[in-house]
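Labels run A, B, C and D following the written order; every chain starts at residue 1.
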Amino acid sequence: MKSEDPPALLFLGLCPAIAVSVRVIDALWMSAGVMLVLLLSGLAMELLSRESSGNEARHSFDRGSPAARWMRALVVTSFLTASFEAGLLALAPAASAALGIYAPLIAVNCLVLGRGMPGTHNLPTRRTVVGLLGRGIGFAASLVAIALVREALGAGTITLFALGGFGGTIVIPMLVEQPLRALGFAGGGLLCLGYLVAVSRAISRRAAANPAGGEAAQ
Amino acid sequence: MSWAAIILTFALVDNVILSRLLGVWPAAGARGGMRAAAGVGGFMAVLMAGSAVGGWALDSQVLVPLGFTLLRTPAFVFLVASLALALQAFNGRFLPSFLRVTGVSIPEIGINTAGLGLVLIATRGEYSAPESLVAGLAAGAGYFLVTAMMTAIRERLEVEPVPRALKGFPLQLITAGLMAYAFMAFDRAFLARVLGG
Amino acid sequence: MTWLVGLCLLPAAGWGVFLFGTPALIVLAVSIAAAILAELASTLPFGRFTLRDGSAFLTGFIVGLLMPAGAPACVPAAASAFAILVVKQSFGGLGRNWMNPAMGGVVFALLSWPGPMSQWIAPKGGAVQGAVMPPLEALRAAMAGPGAKETTPLAILSSSGFTFSDLDSQVLGWINTHVFSPMGISLPPGTFDVLIGHVAGGIGIVSVPLLMLGAWFLLFRGIIRWHLPVMYLGTFAILAAVFGGLGSGNGWFAGGPGFHLFSGSLVLGAFFVAPDPVTSPMTNKGKCIFGIGLGTLTFFLRFFGSLGDGVAASIVLGNCAAPLLDRWTSRRVTGTQGGAA
Amino acid sequence: MTYPTKLPRGGVDPPAETLVPRDSGITNAAVPSRALIPLLQHSGKPALCLVKPGDRVKEGMLIGNADGSRSANVHATIPGIVVEVGEHCLPTGEVCTAVAIELGGEFETSGKPRSRREWESLSRLDLLERIRRAGVVGLGGGSIPTHLKLAIPPGSASSIFVANGVESEPSICADDALLREKPSDIMEGLRICQALLTPARTVIALGEQSEDLVPEFERLVRQKGIKADVAVLPSRYPHGHEQLVLAALGSRSPAGEQSATVLNVATLYAIFEAVILDKPLIERVLTVTGSPVSHPRNLKVRFGMGVRDLLEECGGLSSGAAKIVMGGPMRGVSVDSLDLPVTKVTSGIVAFEGLAARPHAELPCIRCGSCIEACPWNLVPTRLFKLVRIGAAAAAEREGLSSCTECGCCAYSCPSRIPLVAVLRQGKHALRGSDA
């Protein structure tokens, strides 16, 4: 597993969050949290590194020794996560209870995802933001996909935000009486993640095999 | 909870990897042999025990009296991160193969998820200091058991013609998933009957 | 070879179908068909045709045998599909999976559908009144309940209102009067039912004598070695005998292992599923340790656990540890010195 | 009379078709009209050719000189004219130069009584020289030049010397026939070896099927005043192998140290002929068997004789024959053409019916462990097979691939019909290729 290529990091960061992907709504909240913290911590790191280094040339994301950069990332991410938790508690206590111990773990997810942004040394902030955004969306897409599979098959329902008369849960008639409840358990999460990683690896391998379809023939 | 209940809960019923899905990467992704697996297990046991007790101390003595409960997350993240780095520096020689093998400085973050997760479980469960210590060690033992089993399975699968897309990390996840189903035989009702009986 | 194992299971399956009628036949057919379809779906696109080795048929057959006759069709189908697709083919097909596919499927079904997995059907001519339940489930229910307990499981059952078939009472009545009365002992009611397997329960695991018939053939032909079954059943019997009674407050040495040994799932697990060469340790020493481990696990999960009757769960747990066992037991000196002759 | 102290484990018991009647004795095969004698009939470097087409050779004349120490002399087995010296393929697939001799001229030596030369007074070096000149090699399957095996550093004595009469392959009974016909000559050969090695303990190891010869040999031991005891070992394949015979007799030969020596009884007879009768090694006893062969029996065959003539001599093959194997049924090599010559290495020729020879479809390994139980060397063939198959030969080497003697027990006992020996042999070649 090459350490720095994005897909590896993505799935690495996903591991703890899978425990929450039993219902789609929890997955949505979790992805929202991760994306929020990821973006803000990226921005904060960018500003901090530029601020502390005075007016030298374009400053690298990892100003100072790795340990210093590492500590700064730790501080920023954990405080942002704490604030997200507080916000979530106020905004949607039910969601906060559902996330449980996995809300604080967003800090670790973001450390993983924010880690080793390729080529951020001398790039304008816009590029780092796009990079982080890409990672965040990748994380959210994977998590919600797994949550969809697990909840639809595992419980026969899809729970979303209760908007007005919508009531929040879509019931799949046939499945709801005898759903594959085993998918809802921890084991199901690991299986879905395993197959998701396999599928994404197959796709990226096939994409690498013939980049634009046409020229692969030389 | 009686001691036996704590040990069985954290080792088998609420196994850190299989039911809490924490620290999956070091157990599933690592490539070293059985020795590396033993290294990871030992490292995790010490880390979790230390962070559980540290978490208890931090939480009950500092945060709750001062009312900074919102600061729990940063405090715990710092606690576990520093503990992990300290342990890594302390037994670097004991564990070099594992860190070099995966070549990623991420393991201490991966390990953090388990450490941090355990701290949160311990503090939310209102365990006392000795109970947290025992819980940490039991969780470490459970972690080591699952890591050893997955390493033995991975060594066996390395020489088999496995489907290409699934080779390596995805297959370890599926192995962990099947193991999680197997470990669901140890559920709370089973624990209650065994200890109650 | 796997076709032979399938053949050995036929008598037990035949008895199940005779006892429970067409629902049993449907369940068996559905689980075998699902297994074969799943195997085809996962190997044909890769250009491999692997139905000839008979492992898909055997997996579907065993999954069907462990199902209750009343299970709705989707349960065996999903269990077999899960067994083949996830537990076997994801690892590369026959010989490369580390968990027994049939047992993986059954555990998946037990976890997902506890309700449908206990829809038992009364056997032909069996006891009609009262909830239709296999003797083992009834015993567990009775033991969990409060109140004074007799010593042997059969006594517990009859005292808790579990009625046996009238065929059983006629046969026992005849035997007790003619054969045993001079010797002054009389068989408790239900012995005939349990021995012959004239009770409710999983399709294939009702009648132990027929299962033993197949098991003896397997041992005789050398398809399985004696180490694993003997150790497994031996350990379980000892533990059940010594600690069996504790759960129901009868004190020590009151477990009544005979009754448990005559629950078909234990015999099916010990002779047909656990010694599956792919997922059990390779060396004889490994098989012995594996057997002892399975015995203890089955004892705990059966007397205290809640996932079915403990056999499926303990074999799956044992499979997790089998590769570890293989590593430890293969620690022997590698080869004598000296190169070619 | 001693029995084995520790029965070695593993090995297999294939249904040995003892088609050769027990007391059918050894019949001398007809002299071939054309003999093709390869110059590599031993393990080591091929001999250097001394003749060119057109030369006239006498029976027993040296035609190939040993090239260096790890080589052996090669002699003409029939009198006649050298017709051709060229590259020929051996049954094992190697290619080496071979001398083709057309029969002609009269036989001076064979058939006439030979004078028995005295040897007790000779020094060790002279004895070894006689053995080396006669081109004697191990006939028990190892084919190591015997003078190398018997040469031990002066002053030291080997701890145990074993005359190995245990059959090395099932349904091959050449050794048993030789033991029945020439016991006293073999004992003479044994005395020569005892003079050379001065072993502390000497054992004559007989297989179970020649157990009835024990009284005969014990009488000979008393009569000739030899210090040796007779042991009966199980004839389960491959327990005729050197290492396992020593293991069965309770004295494990530590690798490298030259304290234990094992020689096949056929080799002892060849030593007797070389030292006492001054006759080079030009023929050997081998078994021609297999259900398609109409008269399976033991034959004393001159080297260079084609397999085709040998099979005709045994009444030809029935229509069902599908595969001919040179060597034993387990380790033998199936031949593609019947013109291959019999050499010092050929211990037998086995013909197989259609069914036994049909290659079966290979099923995936189901980890049943039968190969582990069968392997006499405590190896784990299934793991070695998988390591070699994914190209990790070095890892296989660490797990004992070099101890594999390709005895074939694992391949024989594998229910999935996996060609374990073929793949392990490739692994060993890959290793040898990488080391060389």
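General remarks:
The rule is short, and it goes like this: a contact is a pair of C-beta atoms (placed from the backbone, for glycine too) under 8 Å apart; a residue touches a chain by one contact, two chains touch by 3 or more.
A quick note: this is a predicted structure, and the numbers were derived from the prediction, not measured.
The chain pair C-D and the chain pair B-D differ in C-beta contact count, and the higher one is C-D.
Comparing chain C-alpha centroids with the centroid of the full set of protein C-alpha atoms picks out C as the closest.
When chain centres are defined as mean Cα coordinates, A lies farthest from chain D.
Chain C and chain D have Cα centroids lying 53 Å from one another. Averaging Cα coordinates per chain places chain B and chain D 60 Å apart. Separating the centre of chain B from that of chain C, both taken as means of CA atoms, is a distance of 34 Å.
Averaged C-alpha coordinates put the centre of chain A at 21 Å from the centre of chain B. Among the residues of chain A, those in touch with two or more other chains are 182, 185, 191. The set of chain B residues that touch two or more partner chains comprises 160-161, 166, 171, 174, 178-179, 181, 184. Residue positions of chain D touching 2 or more other chains: none. Pairs of chains meeting the touch criterion are A-B, A-C, B-C, B-D, C-D. Looking at the complex, you find that chain C touches chain B at residues 46, 86-87, 90-92, 95-96, 98-99, 104, 107-108, 111, 246-247, 300-301, 304-307, 310, 313-314, 316-317, 319-321, 323-324, 326-327.
The touching residues of chain D, when paired with chain C in their complex, are 140-142, 241-244, 247, 252-256, 363-369, 372-373, 377-380, 382, 399-400, 402-406, 415-416. For chain B in complex with chain A, the touching residues are 18-22, 24-25, 29, 70-74, 76-78, 81, 102-104, 106, 109-110, 112-113, 116-117, 120-121, 124, 165-166, 168-174, 176-181, 184. Residue ranges of chain A in contact with chain C, taken from their complex: 178-183, 185, 191. Within the complex formed with chain D, the residues of chain C that make contact are 1, 53, 93-96, 277-278, 281-284, 330, 332-341.
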